[in-house]
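The same chain A turns up in both complexes below, where it pairs with chain B and then with chain C.
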Partner chain A sequence: MKRLTLLMICSVLCLTSCVEKKYLEQIGIVTAVGYDMLDEEGWLEGTHVLFQFDPNQANVSQIITTRAKTAKGLINDASLKTSKKLASGQLRLVLFGDKIAKEGVMRLLDTLARDAEIADMMYIAVSETTANQVLRANNFEDAANIGTYLHQLIQKNIQDEKVPQSTLHDFLHHYYDRSSDPVVPILNEENSKPTIRNLAVFRGDQMVGKISAKEGFHLKLLKDRFESGQLEMVIPQEPFIDDKESDRHYEEVQGIYINLGELSSDTDIQVVSVDNIEFNVNINITARVLELSEAVKMEDDKIIKKLEETIDKNLEQQTEELIQKLQEMNSDPVGFGLKYQRKVGPKAMENDKWRELYPQMKVKININTKILRSGIIN
Partner chain B sequence: MRRSRRKSSNSSSSSSFPYTIEEIHQKLKDIFHQSPDLNMVEYTIQQKKVAIFYITYQINKVQLNKSLLPPLLKIQQQNLDHKVILNEIPLGGGEAQDNIDKIASNLIHGSACVYVEQDEKALTYLIPELEQRSISRAENESLVFGPQISFTESLVSNLNIIRWRMDTPDLEVKKIIVGERIPTEVRVIYLKSLADDENVNTVQQRIEELKVDDVLDSSVLAQLIEDNSRSIFPQILQTELPDRLCYALKKGKVGVVLDKSPNVLIAPSTVFSFLETTEDVYMRWNMGSFARILRLTAMVLSILLTPAYVAALTFHYEVIPSSMLVSLGQSRATVPFPPILEALLLEILIELLREAGARLPTKVGQTMGIVGGIVLGQAAVKAGFTSNILIIIVALSALSSFTAPSYLMGTAIRIIRFPTIIFAGLWGLVGMLFVFGFLIIHLLRLTSIGRPYLSPIYPLTIKDFNDSIIRLPATIGNTRPLSNHPKDKKAYSEKKAKKKKDIDE
Partner chain C sequence: MNQAHVKIKPNIQITAFYLFFIIHTMQIGAGIMGVPQIIYKESKNNAWISVLIAGVFLHLTIFVMVTLLKQYNNADLFAIQKDVFGKWISRFLGTFYILYVLTVTSSILLNYTEVVQVFIFPKMPSLQITFFLLFLATYAITGGFRVVVGSAYLFFFLTIWLVFSLYEPVRHVDWDHYFPLSQATPKELMLGAYKTTFSVLGLEVLLFVYPFISNKKKVPIAAHLAVLLTTILTFLVTFISIGYFSGPQLEEQIWPTLAMFKIIQFSILERFDFIAVAFWGFVILPNIILFIWLASYGAKRLYHVKQKHALYVIIILLYAFTNFFEYRFNINTITDLAANVGFYAVFIYPYFLLLIVLVKKKFTKGQGSGTK
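== the complex of A and B ==
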């Protein structure tokens, strides 16, 4: 009992100032932060989107724009402009301006990554123009502020398998991994509402190009597996429609638009030849036909088989195009390097050797689609 | 003082039986300190003076007037003495006494004393009038479903109920007298073929070795024989339900019945037995399991919710889900106090409400609920005293603590909340962990008459999970709780329980 009392008194006396008290109503909770490079040498512009609670005001969101030369300096500068203590424990999104993304984001991300307060699961995105412009957009649906809206926007699209995972954790993983590169969504402002159109492809921490969200599908096909994806494509009408049986005139039709749903896939990347850097990619896809722009006889097994083959060919071609594009950017978001490294050992990959080999890589893609059902949907 | 005087009268009286009527009257009057309640009636039967002493309110007048007096007055025999009277009066419970103190004590317990002048001995007839409440429905441990009968303050009727419920010679009852100044009868009851001898001996020994003036109630007795008197947790279960006692006895536990107390003690008890009701047994196993897990979660929530609120709002804004952030922040923004004060204020408000409701007469008590619950709660939020989210949290945790079937356990849980809130306000989650660590260590070390309090979690006895934390259908759980160390571990054969004897088989 005596010992316990002593322990209590000691802890009460010694530990009182250990933890900083942060009363919820007294802090400005930063939910999103944007970084832009200013034209003047070395200056950064930070845009902090924060919650601040004021019982007399319905609007709980505030945006503070600051200038400094480091990320923490931006926060310091921001605290001069608000009565609230700024806290980034609820940070959900970091948005980089186009310029800073091209120069390299690691100088800023490193501070965030080492801050224990900041969650690894926050999203990273790049702005089409400047981060400030996107964060100042005033149409954010029913979300509490732009930060929450952007977070929900990206989260939903990742769950819908339309955008690859782009959390801080993933970004750092791909960055530090010498043989793969990060991909994050690009936000652009349309009618003062941020939307996702493209994906930013990085080489290391520098943005080297963009691919469309549609091409993102092929990227995910290579990199990941689909569980319930969706795909739209055009196929030639030639073998599928019998002119005589139909009452429409098909001369005018350019192609058949097909929409596949509940698409699941699994991918197997194999190194065929180490010396020639040759890869074989086998992708199995199962999907359901949701929509066809023209009437196709789905009852016929032969037609279905044809359809599957056409889809295969189409996908193979598009995916090869994407790989070519990525090779031109010299960025490897798929992680071919990782497979290669497994074959040759980590030593062979040192000193960015993979960057020299990557453009010469040859990939043979073999896609095998299986159409499961075409009847009642959902 | 009183004792010494009695001793002196004791020594003088033993020497001088026989008495005259006046002498014995004087003696008894001395012992009762000239009490006006000591009555004496004098008759002359067969030329001999006969006196009858009694305490007015302790004896049954009907019995006195019908069974004692008429035969006494009709005695025709010569040489009237105590032997003749004992022989002639058709009333059981007659005893010849030659000790004046013993007579006095018998008078207190409801005897009438018949004394023939100059006789060697006096007669006492036990014709007591016991005031007791009739058996009624259980008030404190109310049930929706199942037997409603509850114990009363009378040991006799309690034992009567127990015997009626468990009519087996296997039920062993041991009598112990507790209290040096005001002796009270205690009965230790158990099933001989099941209850562990060590448990029985521990209970018996602890009661026998008590040196107290008196025992006010069985809850006091429980406090006296508990393993750890400093703990906030009750270690011996008290119940007013006969079916609950019998259910416990059937599992090999030991019961203690105390005279003048409507509660019966059950030992050894685990922390989980305080969260059980017999209703769980009466309901189907899945419903019973649900109710038990619900109660267990309620207890955890009750301790956890308010401190978690305080910790999150003081230190850990990171853990608040972003969907709740805005509403929490907006409601907090008007509150002038730090979260810890706000929470303590509201918790104390609830405690005051409960206490006031319990102390007030029933009729006013209902108004209290309305005044406290609706008016105060509303006004507190309107005035910006507390955030409305905290009102929900505090109400929820208060409600949770009231789900504990044992009033003592519910109170313990409610009180534990206060140090947890304070620690949460001081050090956040670290402080909460500190309190929980402390609680867990304390519970681990606690015993109930030498048996682990946290069983079956520690020591881990998977088989005992049945009927403590959950309930299983009869075809699965066939063992009696092993933590009670029953002599016969299997309640029935599992094979036979699984066999179906349908007509078409």
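== the complex of A and C ==
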């Protein structure tokens, strides 16, 4: 038994031995990387955001711009421009310029998928203009550097259910799944501060279009479930014309503005007909009213029912519009293809068969909203 | 009739309780790191069914091995072979078995070395990693059989908790990937099951440690439980991999099981995969300890040399051999070789041997009654 104890100690010592020493002060931790395509053929411009530990300095961030033909070449080029040893194990965000996103990003993601040092939970995003411009923005609130700020910005919005999951793992997962496509946030610079306004829709590894973050709500409604989402919408005024307490009159307000919170949903997508590529989508939503521009009598069950039905119709219409838009882009971020594959098997979906079928797809959406509460007033 | 008998001193005997750990540790090693991809290539999204088929086959093989051993009082494979085939053929077969065990060991060493180099220390030379592992193995084996068994027991509890970390990948599982259920043809399913057996080799250890066990009655339960746990673990990683990765993505992963650890994060620990890969050393270590012990013990039984001397020769050979290979495709060649030979040595040979033993028994019995 003594030998066994010794064996344990020895294995702890041997198997955990440090070979390569890295001193914190000498390391530049890359927290974000931006890739842009240059006009010359094949050349890339990389923007590396470094985080460094210097006990004497307050400014701990540095941005290095480099040129090369591969992603790892950019890192090599960057090391010529700094005294720090570059480490990409803490990479939190990869930002693609608009141009390279349209051209195809797998060329660069390949190295990220290959390199064991890269974390799978890193975010992928696209820039409205160039990645360089967004990463050089100098307003990043109280974050340590722009990389951390952008990471937190995206992370928070994913948690708030405003942006779909867009980690490296998710991207690769949907890319390789020939019957679904990735969606990532688009960052744009407003008053030298990066913000999210749109979402980039990919077909394979190419960005084929964008949808607004508001449309992103409908996308998430289709593909995911909400736990506590939020939605603002306009519903027509006519059905409620008699039900209002007429103390509010706004000339400029056309229709009733309504805001729903604590919205939870669950979605069931079913293949109705394999031959005609017909789907049935049933979505159940429960929510509570947070804001109403008109004083509708909420105590009446009938009026609430009417309100729910109006919301349903409105949502159905908007969701259908979104699907149409996605079909025009021939991109399937919802993953209808996967549901279809459930019926026909992966072999029938080979050779990008789904790309031919997808534009002909017919979807019938059936939304059922329930308003649970209306706040502390009726 | 059964002359074959191996005498084991009571002070180095173990209870069947430890047999569970021996068999299980032998089976789970380098193979499970990559097994989902290998099975997926054959039976696609029905790969998990292949694992279950392989599991049934494992139990059947254990049953056959136990039946085979029960034909004798207290024999191991070497003794049985000697009884059946005579001195020279049995010595040849035994040597062949030892060579197979050594091939498996080198395959494990090479694979783990590569994982360490790819995941954690790209600059760490293979010479160093294999030295550490082989040094520790030598140290344990010179301590005798009980230390070898003890290491299997201890390291099992040190590493089994890794299963719970699969919880995070489960949350990312895409349930659509499992359908349609009847996708693979029976042939594909069987091929998948066949490939599964490659990563669960090691149950042959039962044929060698049987004489060491004091309470023989409990042997079947311990052995069956061990392969059951192996089947469950293999099933879990395969099943989760299918949902977690999309098909073509899974086919590209060399070590899907390790890749799934990449999404686990804690606030104080961003990269759990590094911990998992380091901990895998604790999975690998008892694995190679047992395999090398088996090889050196086999040499002792066959050639009547001192086990220590055999051990030193084996360690030096392994060290030289494993540092001979540098490229991934070389490692693949040796792994495939070990797997293919292993399938016949572990999953076909015992059935064959049992048949011969039974026939022989019947024959000698008939003869015996005839002379009366």
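Assume the second predicted complex is superposed on the first by the 346 of 378 C-alpha atoms of A that agree within 3 Å, B and C clash if a C-alpha of one lies under 4 Å from a C-alpha of the other, contacts with A are read in each partner's own complex, and residues count from 1 in each chain.
Everything below uses one rule, namely that contacts are C-beta pairs under 8 Å (C-beta built on N, C-alpha and C of every residue); 3 or more make two chains touch, one makes a residue touch a chain.
Model, not experiment: these values are computed from the prediction.
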Contacts of A:55 with chain B and chain C, given as first, second, both or neither: first
Touched partner set for A:31, first chain B, second chain C, both or neither: first
Touching partner for A:90 - first (chain B), second (chain C), both, neither: both
Touching partner for A:144 - first (chain B), second (chain C), both, neither: first
Partner chain in contact with A:267 - chain B first, chain C second, else both or neither: neither
Dominant toucher of chain A (residue count), chain B or chain C: C
Touched partner set for A:331, first chain B, second chain C, both or neither: neither
Which of chain B and chain C A:22 touches, first, second, both or neither: first
Partner chain(s) touched by A:47 [first = chain B, second = chain C, both, neither]: neither
Residues on chain A lying within both footprints (that of chain B and that of chain C): 15-16, 19-20, 89-90, 119
Interface residues, chain A side, partner chain C - complex: 1, 3-4, 6-8, 10-11, 14-17, 19-20, 89-90, 113, 116, 119-121, 167, 169, 172-178, 180, 335, 338-339, 341-347
Chain C - residues contacting chain A, complex: 44-45, 118-121, 123-124, 128, 132, 135-136, 139-140, 143, 147, 150-151, 154, 172, 174, 176-177, 179-180, 183, 244-249, 252, 259, 262-263, 265, 270-271, 273, 278, 281-282, 285
Of all residues in chain B, those that touch chain A in their complex: 312-318, 320, 322, 325-326, 328-330, 332-335, 338-339, 384, 426-428, 430
Chain B-touching residues of chain A, taken from the complex the two chains share: 12, 15-16, 18-25, 27, 29, 31, 51, 53-55, 60, 87, 89-90, 92, 117, 119, 144, 148, 151
